[in-house]
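Here the structure is laid out as structure tokens; the discussion comes afterwards.
Order of writing sets the chain letters: A, B, C and D. Residues in each chain are counted from 1.
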């Protein structure tokens, strides 16, 4: 997993040849079907191995990008230039995940009967034991307490190597992408109470909209229409309360239905509503890419689940002893969605016509690129 | 490349764990950026390595399937069951190649400036040095004499390891997929002169069509229309002569415009015209998949060329010293198409209404499993 | 929807031009944003319309292919040639559905705020009102009684045009693809009790396997291992009972967990187990394509749901007054899967080594076209 | 094509239903196979029509986005907010073109023999007659004088309707996207001679690099190495001359090998080299999307050509009387690439270490968003 103790590679005088550069001898010798070793080669095991190895290579790339993005986010401020780097690396993650989603179709060319010929040798190997995938989930921010139990025991129990256990534990303790994104969102310009105070302005506008719909209901003479408007008013009031009343919001967090801190949610909403302001362009891209990543991982889980269903059916056990299909299907729930709050944002959008006007000062703040530069200019 | 001398893997008592099964420690330690070793890591080199390693893993799978298909074809007769295996493995190749075509887009997220920061270290490494890709081309049947010269010297000169050179030479001498497909096509039922004699019947029908269009021209009074029909007649006559006159056909082979033997071409045409006959169903699928494979490799080359163009421009040299873009672009020509004759088949199709009728005996030969056999059983 | 009363198109003397052939004037004039008519054009409405119209055009194609496939299946016997046509049309459906799944990403380029600017004009228009999509579901075989209630009323109530209601009702009454596939599976050669009697042989083999695992448990001395084997034995016995005991199977049908008749299930299982027999090649392809179709429609629903979630959030109502996201999410359940039994088949597969041997007579019935027939000809 | 004279749509009191909103009756009645009208329906014509109609719907969307982008670019200055709109609409075009590229595979499910059954009725209809595709090419900036002759006559001759001819002529005369992008690039901040004067600085740096490589050659004692370095020096000098010497550049324009004005090329190069400066972020995205669009249109042409080759072979005429495959293949040449200069930019990139340093003034200019705002701030 790590390369800490690898001996530095040396470049020979004449330069590196392609095969040496990519260490192809070592790489390709990893494709060694177990049925071949046992003298009874099953043709399709080769595909099974190559597909999973390709997954793991890409997982490694994903972890590499994820670490670099977390590093860039993990400061007091994120400079504009770093913002650009972050969006381009998130975009790369999106493309890699798209490839992984498509890749499932190749494994589907194996038929269940062919798989049956070698899956007994694999036991107890199971995709559930992919260390890299667990790291990936933890670094993204899949919460341990929301994890569906694997059998009845903690998911760590399946790993035995102490180095690996430490690696995984570390990934649980370090700030995840989800944590860092929240901290960054909490600093969104415009949230400061002593300044633009977005949240107050937003609440005012929404409350105004709700009141006017209540008044509309009161003036309505047709009882059917009146009831319809009133119901709509009540439902909307209830929905908005879940973000206006912080304790309700926190209750939803406890139940695993929300993840973001109250202030991070405000930041995300502000960015979404004022996304056309130049300074929010990159941040809005970030939010979109995060949703893409969440969606694609769910799609990958879904495709994987379908493939497993075709291969082993819905009642049999997975090779690792898990309940197979049933377990995997449960991981598709919204509980595994890290950025669930971003998906729900649309619920709280309001039309351009009602949007609180930006003050000239705020307008200026959002059309230049960094705080720092403004003060620099003042000095010059 | 080969696993001849690898020590047989042993399965421990408790069974294999996922990571051991896939040899992940060894596999993932192959991702070792050279700029990291040099203490000056360039972020994007990691992606560059992973992408190319993923390509090579899939190339290994392609070679594995290709060898198995060539084995299955390399007998006196191909049983129906083997035919099914062949079509399903060809289909798998199609899906893998589709993935490889898509994969290029991930590498495109690297920008030219980022690539420039580490490409100097790579020299003289070059994608041209991929042994597996050369093997793949040779095993498919890319002809050496049709290969665009690499610089001015033979393409083998860039490989220095004698084992590799031998491997490549062997792949040139063994019957390629293209060779084996031809032999199989030459045995297509219906070609036998003493029996159905498809070729004679086909020629008759085509000549009849041509003659009737000549007669139509002669009876036409409007000189403009007359000329149009005559020109059409002449052009068609000329085109059909290229397959009716074997010496013209062989001349086209010499010039690299055709590849198939005259008899193999007849087989392919017969299968295409009578594809609705049950017995030709699998063979027709084979022909379609072969075209898909050829198309996808060309698409892969094309995407790769575009990517190289974006990365290094059109005037600079490739890292291996080749003319880069210009060289790669030349490999997109039809000369690298192995199954070019299949693409051209449509030229020689004729409408159902003109198709030579199958004799009852031939019909039976190509016909369903059910009816006859059922009644046979009644008798037995 | 239908073209019964359209006046026959005439071909002018000079032949049809491209634009006239495709009726492009009429077609393209259907793209008429409502916000443009209202003098306040919202840019993104154009995309919204074009995307949905493209969906509907493809739905029309899907219905066309679906009808043709149902026609071909709707006879006493399906000839080999028709079988080929069916597989190729099912394959076409698969490709079209793949396109539709991808197409969702284009609509996602619309942002929620942009959508908000025109979605009020659409009410009560809703994707739920797509007549063609309802027809598609019905013709595939989505069961009305398994349908999630739309609001509280029957889904038909949203359509008002009597012609459309009749069309939909007809599609409910006609045999669906699911019905016809079952009838065809029930005729699978080998099921006949007086002949090969697959079901008896299969039960025998499975019972043998279960008994030997029971004996293994009894002989085991380690109590832990013993318990593990016994549990496994019990679970498997229970699972197999659900197909061996027809009343359990029928109970599962009543609960919507299974769809296929008992005998159709037997046919599907026989085909899956003996798929390498030439005669079962096309049938096996059919089963695979049906699963692909089911999977892709679920993926389309899933992508659609994600898109709606991004556009309108999870608490707001859909434009048609439905609960939007919540409603759509519910349609992703397995209850909307028509060929759910095919996905579950893998549960009941047994290894090649245990497979009941085909009798010579049965082998011949399912066997190649070549050998026997060639010798038949010699005799005649 | 246009909707100038369409009567404004009215919204009924109860609101629009889905089918009325999308004008589905009118839309779907456009799918009317000619062979059905002639009483001899060929099944696959339905697919042929639907596929082409879907293409045309998307072409309409592409033209709509293209017009809006051209409008936004067609001012003295492009505001940051408009820049965001432009990048997001270009991105949408990229996604639509990707769909169109994939869509070809559906049409490929038609076999040549099936196509042959109805293609005679189509003559002289030909994809070449798609008015919208011609408009699309013209609006992008495909140059008429670079167009491969269609037969021997001007491509306009195939259109007969005077309204259409006028529409196409207008599209040739209006500034194309390529023209407008050039004007915008010519205004790239940093190009001004009296200020940062990028071009002079860039030339200096490049000349310095070339000289130092000449000196290296002179000091080299090994004659082989010396020659190698000298050759490299000469080749690079020659390549850079093509942009340093404006007359050579203009000569390449005349020959159709370049398209951009000399100053636009400078702007594009400046943006590419300093892409990490915040102000160049959107512009760099624009350049990338333009290359994507060019690549995808070429891919679409390529896929289309392959499909035509499979359908009609390489010697037969297209339905419109064109030379079919040969003609289409010729449209794949680089002459049809509108943004060819962007692809070639990588040739002229230089490593970060050599990049001319930005002056503090220039640095400031590129880290804030607009000229105007700087001066506004001075005033305040």
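FYI, a contact is a pair of C-beta atoms (placed from the backbone, for glycine too) under 8 Å apart; a residue touches a chain by one contact, two chains touch by 3 or more.
Just so it is clear, the structure is predicted and the values come from calculations on it, not from any experiment.
Contact count check for B-C and C-D (C-beta pairs in contact): higher for C-D. Taking the mean of C-alpha positions as each chain's centre, the chain lying farthest from the centre of subunit C is D.
Per-chain CA centroids place subunit C at a distance of 40 Å from subunit D. Subunit B and subunit C have centres, each the mean of its CA atoms, that are 33 Å apart. Contacts with at least two other chains are made by no residue of subunit D.
Residues 79-81, 84, 276-279, 281-282, 361, 364-370, 372-374, 376-377 of subunit B touch subunit C in their complex. Every residue of subunit A that touches subunit B in the complex is listed here, in rising order: 1, 3, 6, 8-11, 14-32, 34, 36-38, 43, 46-47, 49-50, 52-54, 56-58, 60-61, 64, 68, 88, 91-92, 95-96, 98-99, 102-103, 105-106, 109, 121-132, 160, 320.
Those residues of subunit A whose C-beta lies close enough to touch subunit C in the complex are 111-113, 116-117, 235, 239, 272-273, 275, 291, 295, 299, 302, 306, 309-316, 343-349, 351-352.
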